[in-house]
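Pasting the structures here.
Across the two complexes that follow, chain A remains constant while its partner is chain B and subsequently chain C.
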Partner chain A sequence: MSISVKVMQRPEPETTSYLRAALSGMALTFRHMINPVKVTQQYPEEQTQLSPRWRGTHVMEMHADGRPKCVACGLCPTVCPANCIRLVGGEDDQGNRYPIVYEIDEFRCIFCGMCQEVCPVEAIHVGQHFENAEYTRDRFVYDLDRLMEQDHPSTNLWDPSDPTGE
Partner chain B sequence: MAELVKLTIDGHEVSVPKGTTILEAAKQIDTLVPHYCYHPGLSSPAMCRLCLVEVEGAPKPLPSCVTTVTEGQVVKTQSEEALGHRKGVLEFYLVNHPLDCPICDMSGECDLQDYVHLEGRKHGRGIEPKRVFGRDDFGGDVLFYGDRCVMCTRCVRFMNEVEQDECLTVVERGNRSVIDTFFDEGLEGTHWHGNVVDICPVGALVSKDFLYKARAWDLDHTPSVCASCSQGCNVLLHTRDNLVHRVKPRENLDVNAWWMCDHGRLDYEWMNVGDRLEAPLVRGNEGTRTAKSWKDALADLLERASALDDKSVRAVASARASNEDLGALAELVGAFGGGETVFRSPRAEEEIVLKGFPTLARRTDLAPNVKGAGLLGMKRVGADDATGGLESVAGHSGIVVVLGDALADQPEDFGSKAGLYIYLGTHDSAAAQAAHVVLPITTHAEQEGTFTNHEGRVQRFWPALEAPGMARPAWLILGALDAELTGEAGPQTAAEAFAELSEAIPALGGLTYEDLGTRGAVAGTKGAVVGTQGAPAGAAAQAARG
Partner chain C sequence: MEFQPISGIWAYVAMSLKVTVIFTVVIVVVAYTTLAERRVSAWIQDRHGPNRVGPFGLLQPIADGIKNILKEETLPATASRVFFVLAPVLVLFPSLVTFAVIPIAAPLPTPAGVVDMIIADVPIGILYVLAFSSLAVYGVVLGGWASNNKYAFLGGLRASAQMVSYEVALGLSLITVLMLAGNVTLTEIIWQQQQLGMWFAFPLSLAFILFVISAFAETNRLPFDMPEAESELITGYHTEYSAMKFSAFMISEFGHMVTASALMATLFLGGWDLPGSWDNAFWYDGQLVRAVLADGTVLLANPTWWKTLLTFAGFAVKTGFFLVVYIWIRWTLPRFRYDQVMSLGWKVMLPTGLAYVMLIGATILVLDEIGMAWGFGYGAVLTAVSGLATFGFIFMLDRGRTITGAAAQRAQRVETRTIPAGVVPHPTAEEIA
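And then the complex of A and B:
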């Protein structure tokens, strides 16, 4: 069986002008000059509006006198699927239960928000925040003081006016 | 054999001895009727009204903790009526019980939490404020949270019937009734008050020592034997993060029933002490110690031993070491060339007997295995505070072996005249400075083994903690040395070590780990019916009161 070569008839290129396409492109460009559509955000000068349910790095709520609201009940380390919370409870000078050690490893955290959901005293919250940069890895283990210092807003995992979702 | 009564519980036919209560009979079909005031070790006042069950033919639901079984009785513990009654009673409990589970130490092992979760209402209906008592210090190791109390009076009955020192009582009436001590006389000075914390079904009585330290569900429970006296109470070591957080009694009617003393309960911190010996240390000729691998250290030891002319041994054992450890030591002493083994053990002035259960006491020997060391022919020396008595060992010129004794009272030149001084310990000691070889061993909380208690009952314990570094059980180290000297294979497991020991010691009568089980067996009773398991002490106590 011999090999034969079939010569294909290729269609000739259309001889239409490029001018029409060029003009329509230019028209689009000039239209944006007159009536710009803003897509690009000028971050970091302009900050992103996060969703109220955005789950970022944690915030520990405080009482008015600066004590953490946490009562060291141990539910958040129990529920945490990533096992990133370390808690040692103890008794403070007024006989209340409080966390002696409360650490969250934000690198291990998967930001599921279950710690906030399970907290009986609304102390630990995930926050509306995403800008986390440090020079060392160990700075990502947030201790109790660091969690109380966080000043970003905490997350609303549910509508406060309809907590059971009905 | 008592007369048997046949009855039907939840459709299952059950045969139990006459006089058994419905609640105990239901345990035979693995049904636990919820209850607070009933405890097998105490009398039953039937006042919590939670164990109500439906009995066919009875006009009202009956409290199953005091109703004895009758022939042909038909009991329904899970019928709609029974569940309805219990649901109602549980709702009454929650009228005043605070929902402070997040800060309550009992949370996770609380009977009220469990029963409400199983059988209670999903949502509370109460709108009235709850009564508030606050917190009260009962003295000793006990704190009282009056709000959480469900008035089961188990604690009052324990102090009256078992400890027989009436320290607690119920004051006021009705809604205002609360447990209290008599004026300023608290539980301070009583020796068994830790048990009221155990038997409290809710978080009303909590231990000061354990307060807020850990959550119940975080703790691992390992069966063990209390090492604080020669009674050998069966206990559970509650551990977390490789630390013992508390000690709780484990039921064994032959030894300690449900109880244990405060002396043993609070004596656990020594198991958590750090700064341990973690590697074998071999002393060079110029006196410096070098950490070596087990293989090198043991080879070095054997080389020194073979070069000796005087191979007579003086050994110091410890009554805190397990039978396996002591047995391996005895074997090794024999393999080296024979010699004398002594041990020292602290002795208290008097026994502290639990009056309501007189076979249980804090014994005078404050070490768990004095009897075991005695059975192996070791001689007790020294004073009652476990000092002195080692003059013949300190200046011995042959081989000196120290196992588990910290030698805290001995001078730094202890054993400096010895041809070979082997020190096996958990911690370094001043008197170990002259040792040619220092070998790290485990505590009883880190290894498997057995203790022989004051009446000769051999009881097993299990490892609860991880041993630090290269520390190994003493029976494994001594067994390996013995194997090198005699050419026989050494034991690889604690069970093998114990089997070898019980073959060699006629007093143990060929017991094995299977014979011992979780509750132990008295030495020399293999094959005989052991123990008095079965008769609840509470039933006996109640019968005695008529």
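And then the complex of A and C:
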């Protein structure tokens, strides 16, 4: 067995020409200066293609008649690590449970997606959306109506049994 | 048609107009140089740069100005208050007044007489520029000292040392121009370039190179960015400044850049002169002449408004070229080490400048002794002599003894040495056991 050893031969300082290095550097920067291909994304006009697993603003799924799919089981406020979901459940005269109050504080939320993972009826989802600027802080507490109004696509969470998303 | 210089009440009107217009134009050019710096630096780094405020970001300097005026002014508690406030003024003032002696275009004929396109055609010309541009360093030093901040103080010290070092080389490269032109007024220097039939960048090529390098150092632009040196001194002498006081330092830096560019264009690229003698105009014996022939006869000039416009465009293009080069070099070359700056200034620029003054002086003396006429042949001989000197200077620089430490990657070679089998450098586990 033989061993290879790399011997780095650094240039002697006296043999280095600053002038040539400077000129070649200026040629390089000039080529980049006139190069029309730029890497900057012109954000408001050009939108980023979000990943299907992007976890952003929540969406509440609805039935066809406009009722929320939520059955107020209380799993999502229980599992939520940031404690950002407030749920007050109710029951109608046929015994169906429904949320009276369902609020998500988007400031407290850490967008882990566990609420979507734990939901037994696939009602609450995190979504592929991130532009939610507001003028006041209290506008960031999304109530049930607001969550149902969100029209962006919801997130496809990573499935351990289907790791490549097929 | 006889052309007379403007006189009487109209001279005052013309003067006030010129001062207003040129000052405004300089300020606007300075503002847009800041935008150009940001756009060009972005292009060099494959970005777009500020392009949101107005079309192509053209209103960005106005937004910057409004922002800087509205920002809070901070005054360090331990700063020397009077000098702290005085320093930005001292920096801003010289950078703007130096433009007064630079001719910007061919004379403009008006019904009341011919108006020279220069604010003040003072007889001391270039000396006025040197005096005022050196004054600016007082503001920098004062600002650094008055801030009562170690980094700011170091920046001020470096600015003064650099100014002293490179003012010498700047002056020496200027001496050759003054020897050749025989005068210090900038109008006369342009006239002599027109008469010579070539711009001084050719017969004085080495002086041109030395002047450009020194001007970079004088304006504290990279790679001579010692007084600011963000990575070493935060931002050097204006570390403690904020809002409009900081802006004053920035405006003065860009103002110096514009003035230095205009000066390089005037001294070495013929100022507003365009190729050919059709645009030449100079006051000679009370007449506006286009050329003075060898036998003493004069050809009268015929100034028109479109010649003024064209020559102004020529001047703007030359100045703009140097501004772009300023920006281009700033975003290419890294900052020199402080000792490198000093050794380049004292060990390279100063001896080269001195030797070159001797060489050009001797050549002019010989040419005058043998009675060579002031014209293209005169310039050609000087061009040849200067070309040799420039070649020698570049050859010397190219040997790489001036600024060491810039390791070129192409020179790195990797050699693979094979240690034969059986020669084990370390004891094996069995041997240890």
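Methods note: the second predicted complex is superposed on the first by the 117 of 166 C-alpha atoms of A that agree within 3 Å, B and C clash if a C-alpha of one lies under 4 Å from a C-alpha of the other, contacts with A are read in each partner's own complex, and residues count from 1 in each chain.
By definition in this document, contacts are C-beta pairs under 8 Å (C-beta built on N, C-alpha and C of every residue); 3 or more make two chains touch, one makes a residue touch a chain.
What you see is a predicted model; the values in this text were computed from it and never measured.
K.L.:
In the three-chain superposition, say which chain, chain B or chain C, touches more residues of chain A.
P.N.:
The larger set of chain A residues in touch belongs to C.
K.L.:
With both complexes superposed on chain A, which partner does A:M8 reach: first (chain B), second (chain C), both or neither?
P.N.:
second
K.L.:
One more residue to check, A:R97. First (chain B), second (chain C), both or neither?
P.N.:
In the superposition, A:R97 touches chain B alone.
K.L.:
Quick check for you: in the superposed arrangement, does A:G89 touch first (chain B), second (chain C), both or neither?
P.N.:
In the superposition, A:G89 touches chain B alone.
K.L.:
Scan A:N35 for contacts with chain B and chain C and give back first, second, both or neither.
P.N.:
A:N35 sits against chain C, while chain B stays out of touch.
K.L.:
May I ask you to decide whether A:T164 touches chain B, chain C, both, or neither, giving the answer as first, second, both or neither?
P.N.:
neither
K.L.:
Of the partners chain B and chain C, which touch A:L75 in the superposed model: first, second, both, neither?
P.N.:
Only chain B is touched by A:L75; chain C is not.
K.L.:
Tell me which partner A:Q49 touches in the superposition: chain B (first), chain C (second), both or neither.
P.N.:
In the superposition, A:Q49 touches no partner, neither chain B nor chain C.
K.L.:
Looking at the overlay, what does A:T136 touch: chain B (first), chain C (second), both, or neither?
P.N.:
Neither: A:T136 stays clear of chain B and chain C.
K.L.:
On chain A, which stretch or stretches are contacted by chain B in one complex as well as by chain C in the other?
P.N.:
No residue of chain A touches both chain B and chain C.
K.L.:
Please give the residue numbers of chain C that touch chain A in the complex, ascending.
P.N.:
40, 42-48, 328-329, 331-333, 394, 397-408, 411-421, 425
K.L.:
Along chain A, where are the residues that touch chain B in the complex?
P.N.:
Against chain B, the touching part of chain A is residues 71-75, 78, 89-91, 95-97, 120-121.
K.L.:
Which part of chain A faces chain C closely enough to touch in the complex?
P.N.:
Per the touch definition, chain A meets chain C at residues 1-11, 13-22, 25-26, 28-30, 32-35, 37-40, 42.
K.L.:
In their complex, what parts of chain B are in touch with chain A?
P.N.:
Spelled out, the residues of chain B in touch with chain A are 101-103, 107, 135, 211-215, 217-218.
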